[in-house]
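Pasting in a structure now, in structure tokens, and then I'll have a few things to ask.
For clarity, chains are labelled A, B, C, D, E and F in written order, and residue numbers in each chain start from 1.
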């Protein structure tokens, strides 16, 4: 990525791939450890061109609601993720959108394969563009904002009980 | 990519991802600004192992026809792209095939997700191999040839009114 | 990838992309030249969390059986690959898992598009996680182990007569 | 229109008993076709709410069963429901969920132009046509009517008045939703989120109004978010729980949670001091006593047969797609005449409660899919019966209809008995 | 072969009126099955052109309706149409679009070998068989015949002579295509490009021969490329436009553009000096007067019922896949006896005009899909009628049949009236 | 349960002749529905082997036709086959392939708990129910019975005793598989691998027991791995080959390879010294003579009608999914009472022989798909007949039934004649 040193690039890619792997493997405790206290997680209905909260989004989690989401998943009674869906994410076309003193904003396209193991046993495909805002903290890079725009976000979606 | 400096690699990747993003977002004016005056854009029927023009191709655009294609898209009356399909491209496995004094030839595999928003509202998947020929010009890198071989190029295709 | 120099990274990526390309193009002779004499190729049923041979796997090839597999493909009478399926692989999210004096272990996610050209003419999609173990030999990098975990490995699979 | 004899007719009277129904009704293609005809074509179905198209030229697309329609507000303020199909050759006119600013609809095939009232306005090459004026206007359902801004339509035109379809129960339920607004108006402008489910549509009228499944199906929610409004009204033990299940007749059924709430504004998960402006507005509008009642009771939780779910602070539409495929759409019940903060709260609650990534609906959806799988997905056959007997023996009648314990299948029995009467009467 | 009573028979006479047809004919599964039987099995359908298999051992695969066949040139030069299905157990023999260099077909299951004429040549383990010679040859359609190299087949064998099916109109249209070659031969070797469309197949005979939609449906082309051949012949205002729509009977219909052209070679978008060699060759072959006429008239724009579109310098095949799925294949009309530059030009024009990425067909395809959606995609029902009345009142008859203004639905009416006669006669 | 008259009944007697069958039987939706009813619901089908659920609480999910069941071992050691469908509202109870350690099954919808014997154990809110005990237990097939641990079930309950279905032939075949174990027990614990194939299910009983296709369909295997057990028994020229094809009646058919082997242990691709422990164990268990015979004969290669393939050292289940979709599952025939090395060898051989990535099955699968394509994939129609005559004239009868040359279609004729008798008798 232009604007990053090779080491920064490696570090950022490693972070993003790790975040994806933890999500792939439904390791929610591990995943949650990567996010900041002011994390915002947004899956808009259509392109991310409106102010979240002004009309319906699939997901519009502040940190509290995100914590609730993870807590629900970890109860062991979330039928919609019993068992957890086997998943694999592919991330491509990473571009650096902005860098500040302490933060990086990146965007890329993704594919997520999900085996809906709870009932239909279909292989589902989720695809779109993701934007990550990373913050450099004393503990290393942390995720402070993630926006996921599904290509078909204007169409009815199947159950989405995991974290994209 | 072997044969490229880290800076060249970053520059080339950035160019290719940018080209993809402009296409994703149907920004045809922006996309057209990236191509040279002798641009050749080819989507063969089957593998690119024949001379274009000797048998039918899906697309075999010299610069003039490519300009017409874009002009048609920009009329605002191209029903097949009204509204423009939301799209996202993934590019992977980039390899450097050739470099000359002023040009680079690269190949990689791709996936393109398209929401056919004009009628069926299906999420369509286009996949295959792309070859980019980039030229270093005073204005920066420019695309002078793009060949897109669909994996299933021998099968009937749905409407393909955008630029791959 | 963290833990690798830029040159190593380029070399490893080039190797993995080349391996993928040879598989894409059903160049089995070329592909076989990339593997070591003790190559192990495993496609488990479900996650790779069991000892191969203790329960059924899709593929659990030692070098001998892998050679047989390739020999069968090269007879020209393998109906299940007559003609060979046009394929394209996408590899993403590469992470370095381990490096020793002479070996690298990497993992990443993949998508494989296959046109089942032998009968149904469907575009099939195979997706999952791959682990490559590469060894540095006098002839360059060689593949000594490949494990492919399909996302939907617990579900019935269509014919898989090629090498993943 | 296609000729069809009844050689392979389904005997609905036999497959639907008072206390059980046959599982084949959820997966059979012929049953689905009959439902599309008898329920969704020859009966009243909910289309949308007038507040979704606030300005002239605003439109939304919907399905009456599978038939595409557009609901549009014309220049004179009238709301029309029109076939989303050109009167010339049938080309769909609007292919997005919604839009605005239209003066007319132009067909992309030959360019005919229709007014927002469906009248043919112009066509290229007029001299080629001889048809009488009006013959080539857009088709419209045989009956369209609204109650409190809720627009319903009936394609066949012979379903009787809407008033009769809603009945006192249906109207009362809608009134209770509307009355939440100090000005008696809804403002449904936040958009609909759709969830695609691999189940028959009937799982949704059932589960949306099933008071028996909460503690098990939504156990994860109860654990992760203790203290919601459902704690007293739905999660609490059978014999402590004073909420009620109601059958209002005509297929309209209700979980009456207000009798189970343990505090006012439980339905909004808040207290009066947090929504003081709203409470004050209600008091100004309706007086103290009525306001107190509204703040306690909150919105209805009820089905307006067959496709409208008044889901507390959400509205949901159940759209049948195929025997084993359904879309469940919802939008927050935004109110007119309230402060923005109030509606923000409703929207936030709606994002949490419904939709594919919410805290409730995913579990219902997976269970509906498991039910579909258990009953046979339309490809096989099943000999199974579905039990509906819960509480049948302790059910009573009051002025509004049958009433049972909130966990009883009074609601399902109400749904199915109306279904049976429709499916046999319109055979 | 499967027994089927007519309890649920479709009444085509009622669904097809002279000036309108019922929308359910585009999406119903039973209608589709009837069409596959009555039109595509019991009628003549276009298979391919002999020039597609120029050398012995060349073959192409096609569908007669849904039944797979292979068209192959045998060693003696004869072209055969054979069932693409082993005579033993039914295994498909050829699974690619085309190939060459074959001496025989060997089945992959048990290794039976069939000659290029379909005769069983050999089998492993001959002693296990007692069947009479010939009993195990490849099946073939009941009738196969060619006109000017255009190969047609009829599976049932009782469709009457091809000559009668084509009639004077069909033959004249084909003649006009062939006569473009100075040596009277086509050379269709550039391959077929297929476009998959989510519409019924009948949208294609209709829209391919609809002279009314150009200015709207193809407005983007007109704007982006002003001055094409269609400017005068199709885009120009109704009353200036002298092109004609023709019904030649038997379902063969035409947009006769030659009467609307404003210059010679309009159909090739060029002028005589640019194709001087071609013009000279025509003159040598046919004489000056005929050459002038050909250079003005150009190729036909017409349907040979049910599946062959003579699309000016393209040939197209309409392949029905399901009630809501069709493939539209095309190949450029390459000519024998012309210079390579001429055929290059034809191929370039074809790439621009037809196929999924061309300047025309994508808009037609999306509109066909919108029409399918508007009419109901086979999962629902519709009560809509499709209007076909345009120009019905100003239509006239001449020696070749009915003729109307190019923008009139004379062509669609011709298609549908023949469809009705076939669907009712073969009930 | 859905009423259905026979107006569109399929005449199976006419479509199945002694020496040929009609191709439409492989792709028609009505035929598939009839098969699911007459063969898979009203006949005996294989469910699983008791050794798959060795411990109390172990369970596997299966389909009886399309109806989901679970086979489970209860605390008392009994193996039950239960409907995988809650007795309340039909929700599927188990949605994975297999599991263990269960004490009960709890439904995810309302929390009913069923014992491993299917009895309703508890439910939330018991006071709402009045049903008699037992009325709300899990449904189970009308008949369930086991032979040598092979569990079979019949849903309708009126298929007669299992003993009669298996007949002496079926039992002998199973006995021969079991007798390979020195302790007379199988230990099927390695899991099932499923292969999804775009063909009708009947291609699999056919091709699994077709001795005619080896040299062609599996030519690549023969070339890549010369010297397998099939060299003498299946690949060798027709007149050298002494293996036999057998029809044991009731649809059970066999390729009897033991008479074609040229050495003992050919079926394991090994020699006695390599499996000395196993040979010794057999001798200890059965005596020298019997052990020698077993080492020569090896396992059966046979179909137990309709869905169980005794595939030498594999078991396979054929699961019909739709007219053109089937899953072929297999597991290695692991034996009780043998050393681990022996079973490792069996598992290794199984990985090579069967499954989507093996050396054999992919070719069969692609050929089955080509056959399906050749016959018409259910969307079209075909007039083709499938020939079954091979060897019909040289077939003979012995005490076990009809017997022919291994390459003869004695097996297919046996399958189809039983199919015809079932499909006509249960019409």
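Just so we're on the same page, contacts are C-beta pairs under 8 Å (C-beta built on N, C-alpha and C of every residue); 3 or more make two chains touch, one makes a residue touch a chain.
All figures in this text were calculated on a predicted structure; none of them were measured in a lab.
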Fewest touching-chain hops separating chain D from chain E: 1
Each chain counted as touching chain C and chain F at once: A, E
Most distant chain from chain E, judged by the mean position of its C-alpha atoms: A
Numbering shared by both copies at the chain C-chain B contact, with half separating same from different: different
CA centroid of chain C to CA centroid of chain D, Å: 50
Distance from chain D to chain A - Cα centre to Cα centre, in angstrom: 32
Chain B and chain D: spacing of chain centres that average the CA atoms, whole Å: 45
Per-residue multi-chain contacts in chain D, two or more chains: 7-8, 92, 95-96, 108, 217, 366-367, 370, 373
Chain A, residues touching no fewer than two other chains: 6, 79, 90, 92, 111, 117-119, 121, 125, 154-155
Which pairs of chains touch, using the document's own definition: A-B, A-C, A-D, A-F, B-C, B-D, B-E, C-E, C-F, D-E, D-F, E-F
Sites on chain F touched by chain A in the complex: 92, 95-96, 108
In the complex with chain F, residue positions of chain E that touch it: 1-5, 7-8, 33, 36-37, 41, 63, 65-68, 83-93, 95, 107-111, 124-125, 127-131, 136, 139, 155, 321-322
Complex contacts: residues of chain C adjacent to chain F: 43, 45, 53, 55-60, 65, 68-69, 71-73, 75-81, 118-120, 122, 154-161
Residue ranges of chain B in contact with chain D within the complex: 79, 82-83, 117-119, 121
Interfacial residue positions of chain F with respect to chain E in the complex: 7-11, 14-15, 22-24, 26, 28, 30-31, 206, 212-213, 215-217, 238-239, 366-367, 370-371, 373-377, 379-384, 386-387, 389-394, 405, 407-408
